[in-house]
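The letters A, B, C and D name the chains in turn, as written, and every chain counts its residues from 1.
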């Protein structure tokens, strides 16, 4: 018995926000969209969930096939077919950079990815598709760096997003990033410094696990502590590359981007959400369940409505968790 | 600077070969096809490379996106654009089963996947697409179980395939499978036997590494030693599930499917190939480089032309090796 | 509250059995002995348990201290003090070789270690210490290669040993050794062959895990398939060093030393034992629980009395299992 | 050709410093001593090197046998025999606790281990053995927590120790401990809290790697932030046990014990050393090479003479590094 299938379309977007970005990453980007079954026939308007991919990812990857781990389009089809989710549009932006990601912020070292999503893509989709074009019917969802992006875009743009889902998102930088400083230092040192590390990474046919870990730290620095006067990748590191000693002034910049502390300044934005859903695996390899708990503790103290779930798993291959979140999100965003 | 992009199309095929298969796997299958840039405009005919996916995979997965590890369509686009490969069609069949794969054989325990590919899909593609419809312009390529499939389909159907590429293919079963018997026994025992293992596997939202290893052994048994009188999954295991002792009569059945010994019976088929390319990583996690060497030793002794490369890597995430093979294959299959 | 402590003494033995051994390993060996508390004062005679160390070990290592994992002398003190074990002497021979072990066999490639223990050390201890000098009061116990040694010395010398304890012993070579052939081939190849591998191993300040695994296979070959005409280490390998293909004639020699098959020829020896105790961890890294089960199945079929336990652990750091075996052994050997 | 062997003796010491310690650990301790070859005959006096074991260790363990990794007595014999080291006495104290170690400090939560070594054992050895009983001929050496102990005892007791050797010692707590907070929280949570974790640990026949990591953090808290009013193990943790958030007031207490900052207050002590030798592996699993570099950078800035070596290895099984340090130390301490 076949289930009705939605349609995947691709919008090629020439981004003004990204044009002329310092690292020279492409400013023409493919925005993939999932249109629910029936979209073509119906005159109906639909809510939109903006789906942010994690570090090393981009929207198109969310559609990747695996017989035991369906892509987001197949997953949404199944959730709609079995009645657990209501039809909605999924928008899958591409915020990939030469460092593997952008954290969905505007950074002089990377480009204006926050603007790209919020100011360019959101209006574009509302214009070209039959959306319910208001914050009440627009949500943001993601995992890992995508969960991080959901939190900060939700905080910073309460007029744009009315619901936020954060799966295993970057929180409590003290734990989730610091533990990778040592490995990053070692990996970079073995390649002879940041510059030759990046060159070797770029030309290698295969990206090794340790290298991606080191790249992640560089990407975070480019997002949180950019410095256009520094040599590429135009950022300050929060540690000494030889001794590992913390450089407090830079680390403090990072902390201003930790959602755990941002919420102090953006509590109002989160009070008005139709849905705030967070989860994390109890064995998350980046110990993100600690940050999730710390964040949830604050939400509780602030009286901000939310749902939180911890599950028995780690950080990887947990897209099945969207079987929990997509239905909730679709109901929260429905008319 | 944009490179010309081919087109990916999907043929939904109702397979007679797979209809009524014992495990009840779908007999309607999606065959994905890559048509090279220019296909639509030109009256030209193209060679076809049949691309067989590995265990746990299906054709559509070969198209999966990853910014640092392009899918086969993007890869082919790039290889054609830089002049290293000639345009050809890629055909990506789906031979996935409830056990994760079929080894591309006809098995009463799984279904007739060899027939599906060779007797159904090959003619269908030649009929519906502008192919060069002869064995000289038709090749078969794959990695791991897909490399295995390439070898045996090449051996068994010399009139169909004129070129064979085997990346890290299953060879020398003595090494590549036996070392997983112990882990499989343990994994299955912990789930309470084959039946409850399979049930647990099916219902688990996440497929664990050890479980996939055990499933692999069951899939091989269903392919090499099927027994329709045995309970599901309808096969004999080559070992005692408690003591691990080898059951020689079953093991001998497996060995009749080891390409290392099949070549003795099919040498003639391989003498006429326009290309026989094999490779393997020196650190292959399944020790497949041993089988590759043993096979190549035989080829040499038999005077069968071939190319063989060993590279510095393991078994996983090595699709970049197709940058070596696809150009060779495209030239071998060209008019 | 202090517990009475036994005495550890050391006998330096000039071995005729080992003199002139081919690899030039020392023929002067230290035999460590544990004499139970009270030995000095009492006129009493004691049973003797011969304790065989595993691969890479020697008797003295069994005395090694660890606050959470007592050496065998401290362990025996505690077992006697709490009443679970009866006093007995422990004899800890040194059968270490340049390849890490001897499997307690006579081999032209290694030396006559079986003779060293059975013909030299046993009489020496009976002569110099107040032992109960008969097979009924003499047992043999060990773990891993030491468990293997216990089984084969027990089988081959029923007049010498009246009780046998085998912890996680080498059994069912099909599983426990074969799975290391691939890794051994790779490790040896990376060092440029057996000879240069051995030289590098000898001179390296640190012995890596993979190297010890490869050395283990060489040691087994020196024990099971010695060949004095071959270059050092004077043995035939049961596989091709390049392709991994099994060399059946050599492998058959190995199998004649597999206790699983030796028991067919030595069943009578085991019928008369006062204790035959075996155990193995369910997660043994060498899958030795499979061999243990296969062996126990045979014992049952042959009607040979025995005890068998499986426990929830692997192969390493399981000396606590002697809290089970030493009491049993001490009672079985007591007058 | 035999090499002259020193003698190992054991002094059972009833410690007033440890008597009545809060956790009830034994106050009678075995101090093992290595007396160099010739000690018995000669009227000579010898320097003394105080050898501090790492976390989970005690003096006796340093004597453990391994054919490929000699105990410290055998190692010293060999170094003296080949002329690289001068004869000296080695003193191996036992500062083990119920938490696996004491960091060689006085702590109300553990006992007065600093006093035990410096005020009890040092005079005792000088009294009972023919030592060169002055700071110029007395050194302290250790690895990991033992290297830490060497640094702090050296700093705090310049009148007692005239030479300091620190192998892979705890330094730059920001890296070496913080990265274990997350795993410790998780491990303790899974056991249901600190109290039940400790109970389970105590009764388990086998101490798992993750458990020892968590215990290590508790031991550090008992050493650096003891609190006798807290429930056992009588200390404050520098993090919230649920959310992982840093508790700055406690963490600051820890930092007062970081040798990297202690050196600011104890520079004078280190100026007068006859030897200050540090090393660390470039792949240290605790990233201690970072702390070593930071410390060495400070030494250089302060103009304190020292030697520093980085080697190609990790943290484990590196006792061969004493082949570098023991000779240097023996010369520095010689008359």
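Things to note:
Just so we're on the same page, a residue touches a chain if its C-beta (ideal position, glycine included) is under 8 Å from a C-beta of that chain, and two chains touch if they have at least 3 such contacts.
Because the structure is a prediction, the values reported are computed rather than measured.
Two chain pairs are in question, A-B and A-D; the one with more C-beta pairs in contact is A-D. With centres set at the average Cα position, the gap from chain A to chain C is 57 Å. Separation between the centroids of chain A and chain B, computed from CA atoms only, is 35 Å.
Per-chain CA centroids place chain A at a distance of 45 Å from chain D.
In summary, the structure contains touching chain pairs A-B, A-D, B-C, C-D.
On chain D, the positions that touch chain A within their shared complex are 172, 174-175, 178-179, 181-183, 185-186, 240, 242-246, 282-283, 287, 290-291, 293-294, 297.
Those residues of chain A that touch chain B in the complex are listed here as 56-58, 60-61, 63-69, 96, 100, 205-207, 313, 317-318, 320, 323.
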